[in-house]
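One chain, chain A, appears in both complexes that follow, with chain B as partner in the first and chain C in the second.
And now, the complex of A and B:
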């Protein structure tokens, strides 16, 4: 299927499916997900823990490890030289060259993402020299510039520091600097503030937002925190149990959430646009992904559930311009 | 804090540790309800005057702390006598320890050659046949009585195939030994050190270029070395496997992949991290090998430290036990020190 990218798209994922073959059974971590990312855009991927956000983004550069397997789908990506490739099908050397170079990651926990035995500078230098033929010395100068860019004080000294000599926030800044070292086209930030002090979180977010604008890159932000989403993202995908259930511009999502799950989710966190009297929790639990319910996956917890929800899976429909949802409430009409 | 401060601080604990080890060893020996002097003299030479003479010499007519003080002062001044062999214990140690060094070194080479590749294989092919085999191998190594393995090896490599021999230890020629012995006088300080290294027959021969002696040493000692390697290799392999798997499954390795690093580069991260626990275990094992392998030395007929210790214990030879223990304590302290320094060299989180 020769699909191509539309104007301004960097990434177009279609029907991505990832399964984990565990002893307990086959886990359908990601089931036929489709989404796209435009140039210079901040896209948020929102969902509860275990809904497949991380797996989705890791599948993009085939970082899924045994026993996980990418079963299906395509991920068209526009490379720096404007060549369009399917990330899920290109040879191993090509994907290796794209990783950390054109698509870079910022992981959740900066403490474990950095190798404790190597300095911050080494991390940056090796990331660059693995993709381009440059002298390590020149890269080191560049590393200092990068550390300055991510607002690390006295970067000339900090390049020589080991991860354990930095605070948590500093470490995440160092990780971001490492990921930016090849000026990627697409940065994937996987809950970049979850393991940080609340006071640092806002700083890191602002930093990411600024760098995204400065480097003109696209940013996929994974989070379970809708507050963060409102702050920096342009567009949002809501994920539930391995599926995308709603897609909207950020403002639309807050003004008019369509999917019952999104509505409940918004009532469970402080809403920046509406005053809510009392935060509510969503009753029930996330279904097991080993045997997901046959119909809509949210059906067991949904207050509006009807018969058809249990039997048949709803497909994504565009309810309003650029606002799509997978729910029988809107399909029926 | 620098390396010097660290070494000085270690040196301060050195003396009390040694004295403590000696005291405990002595007290354990002293607790044996028997008359060591009779055991020393032997029936042929036994007469009341001689017994009395030895008793007085080793202060057996005095309280235990005076005996202990006597033993320690004789030991530290280098005059302590082995009452069974009736010569200076240091003569005995200087003869035996170099042989043990040879066995330990060859054993260590086998240990590394067996343990590390097997561990790497088991980690890379986790849950495969080889992984299972390594588990069984480690289990067998630690539960099989050592002598059973040794006799089977002798049966295979000596009785049936004659690839080794079990008598004597190859030494360099007399001229070579004389030359090494003369080194301290020709070159002060440095000569002492080189001569000490040269006292290990294999090294001495290498210094004189007598390579056939070195080859002979390997021919004579590879079997006990292999035996020691087989016995502990499985254990080392398990440590290597587990620490490799830890490193392979870590976030920093995933992040290294996500940064698009080449395979070789990723393995550098993995191996350096996995090395830390392996270095400790290997260090402890080497220390253990240097204190002599009692059963291996007995079965393979090697006159090393292990045999000396065994003979001394059976003859209640307290002075010899004290002297050998003293040497073992020094070996352990030094190997621990080396491991700690290596540690800090690998891991920046560890400072002295």
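And now, the complex of A and C:
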């Protein structure tokens, strides 16, 4: 294998490409994207609906179902035993062992992530016994500890509750407890607070931040909420129409955004602490991924679009240390 | 801002709980507020606090249990016949989800004509009128004979907004009009709403759980908790110095899109979750979650007190009990 992981990297994705073969045509959901995640890091994957952020993370453990297909790319992952594997190529048994164990997910909707016929405790027990040979009784004790960790009151009783007996916020806590039950190296949280109220959202974010530090995990946070990104992430990838267009440390991204899309996006969210005269809106709509525009995918909406943007796709370049962007404005021709 | 366009007095909306003889959900409990001509009143609160019920009841889409709703001085709860029709023409609503609020079997033209027909508006050329109206909300005439499924979410919401303003109402209740939309589209719709308000001298009641958006849109804001207004007043003041402990908690929960600010500000991480509105706690409904609970809070409900002109808060910390 030509590529290997650098020091401190947990995950290195190169040229990942996912397509969906639908009746309407081939949807280029994710087009050759590359990113990496370091140990103990919170990485945010930001973009609007349909930009491919969820598909990207699901592809990591090959959770892409028909008619979707992973076409290309590699995803090197450092396992607990320090072995480096390519998640996209290892045999099915291996990926099944990694999924839910070393890479765990927290999905958007806790109601559909939990099986209504099983108690919270059963969810945790099943997650653990699938990967390790342990007695269910022992895990149940551990489950109570986990529920306490995610701040569920009276965990001894809650462990026997069915999902419908819990509120939305409590359900999401139960899902987080389940995902932590195998102490994963990498936690992927896909819009974990989108269905929750702001006050509950603040609680869950605080919880994720504390747990991430405590368990020394890496966290990939998928969100469209730029407030949440500012709040907890170390590094950000901005996605647009199936591509990563900018990558930067969180502070750099907010104070020195380079890509026109990022700049507009940041100006289109109202900051309640500021007096804003007029919100910037991005004209037009996200292009269809069935026949994405050639060249830069943002050019139809970009205020700085030139001829070259229409013809040729810009490649990612490093403009400043750890700040990369794919835009012709920064590429010397 | 002189006389209010709308005045709500001691409004109660209770719902019966199925399978129970006596239990009632007190969705809106003793709410009084005024909305002035040309302003935007924002209503914020968590899900289940009664903000949508309040908005719908103001438009008589729910039957109030008791209380008065005065629109231009007339109590609309008692209106009948032509007077009622006239009120309905003057007060319209835009719903959260444009995918469900538009009839999938009606073309955009049919959807927009319906209110005109219902209110017997006479026009020479309906098509020409609709095309002009559609342009005013940023929709091309090519959409006129399309069905909702052929439009994007943002375009659908533009249709829903146009349907609400096509009769040139005085008041529009906007119930989470951008919650189902993406950020970049959200900004377009918010700007459109502000333009329309200026051009047609509209009065808005803007309901949302997204406090950043409400702040951007509103002149005044009402914070609701479990069916009650706990604080109401000038939006800038409310954001800079919220008085009610619940407002403080709510505001500090909003993630701020500015990393240095959001990491350095003092945060009050909220405790617990809102209790059920079926059996709200006695006294101040917020007392089980409040960091400043006193004895009086547990037994006696705090009145909505004017702390400075036009600024009200319902909390014993500010009331002279």
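Heads up, the rule we're going with is that the second predicted complex is superposed on the first by the 323 of 333 C-alpha atoms of A that agree within 3 Å, B and C clash if a C-alpha of one lies under 4 Å from a C-alpha of the other, contacts with A are read in each partner's own complex, and residues count from 1 in each chain.
Quick note on the criterion: a residue touches a chain if its C-beta (ideal position, glycine included) is under 8 Å from a C-beta of that chain, and two chains touch if they have at least 3 such contacts.
Only a predicted model underlies this, so the values are computations on that prediction, with no experimental measurement involved.
A.B. asks: Please tell me, clash or fit, for chain B and chain C sharing chain A in the overlay.
C.D. replies: fit
A.B. asks: First (chain B), second (chain C), both or neither: which does A:132 touch?
C.D. replies: Neither chain B nor chain C is touched by A:132.
A.B. asks: Does the superposition put A:226 against chain B (first), chain C (second), both, or neither?
C.D. replies: Second partner only.
A.B. asks: In the superposed arrangement, which partner chain does A:117 touch: chain B (first), chain C (second), both, or neither?
C.D. replies: The answer is first: A:117 touches chain B but not chain C.
A.B. asks: Applying the touch criterion given at the start, work out whether A:162 contacts chain B, chain C, both or neither, answering first, second, both or neither.
C.D. replies: first
A.B. asks: Name the contact category of A:200: first (chain B only), second (chain C only), both, or neither.
C.D. replies: After superposition on chain A, A:200 lies in contact with chain C alone.
A.B. asks: In the superposed model, does chain B or chain C contact more residues of chain A?
C.D. replies: Touched residues of chain A are more numerous for C.
A.B. asks: Working from the superposed arrangement, determine the closest approach of chain B to chain C, counting only CA atoms, in whole Å.
C.D. replies: 12
A.B. asks: Using the touch definition from the top, list the residues of chain C that touch chain A in their complex.
C.D. replies: Residues in contact with chain A: 46-47, 152, 154, 182-188, 190-191, 209, 211-213, 215-216, 236, 239, 249-263, 267, 269-270, 273-274.
A.B. asks: In the complex of these two chains, what residues of chain A are touching chain B?
C.D. replies: For this pair, the touching residues of chain A are 58, 61, 63, 65, 96-101, 104-105, 107, 109, 112-119, 123, 126-127, 130-131, 162, 164, 175, 178-179.
A.B. asks: Sort out for me which residues of chain B touch chain A in the complex.
C.D. replies: Of all residues in chain B, those touching chain A are 250-252, 254-262, 265, 269, 272-273, 346-349.
A.B. asks: Within their complex, state which residues of chain A touch chain C.
C.D. replies: 48-49, 167, 169-170, 197-203, 205-206, 224-231, 250-251, 254, 264-266, 268-273, 275-276, 278-283, 285-286
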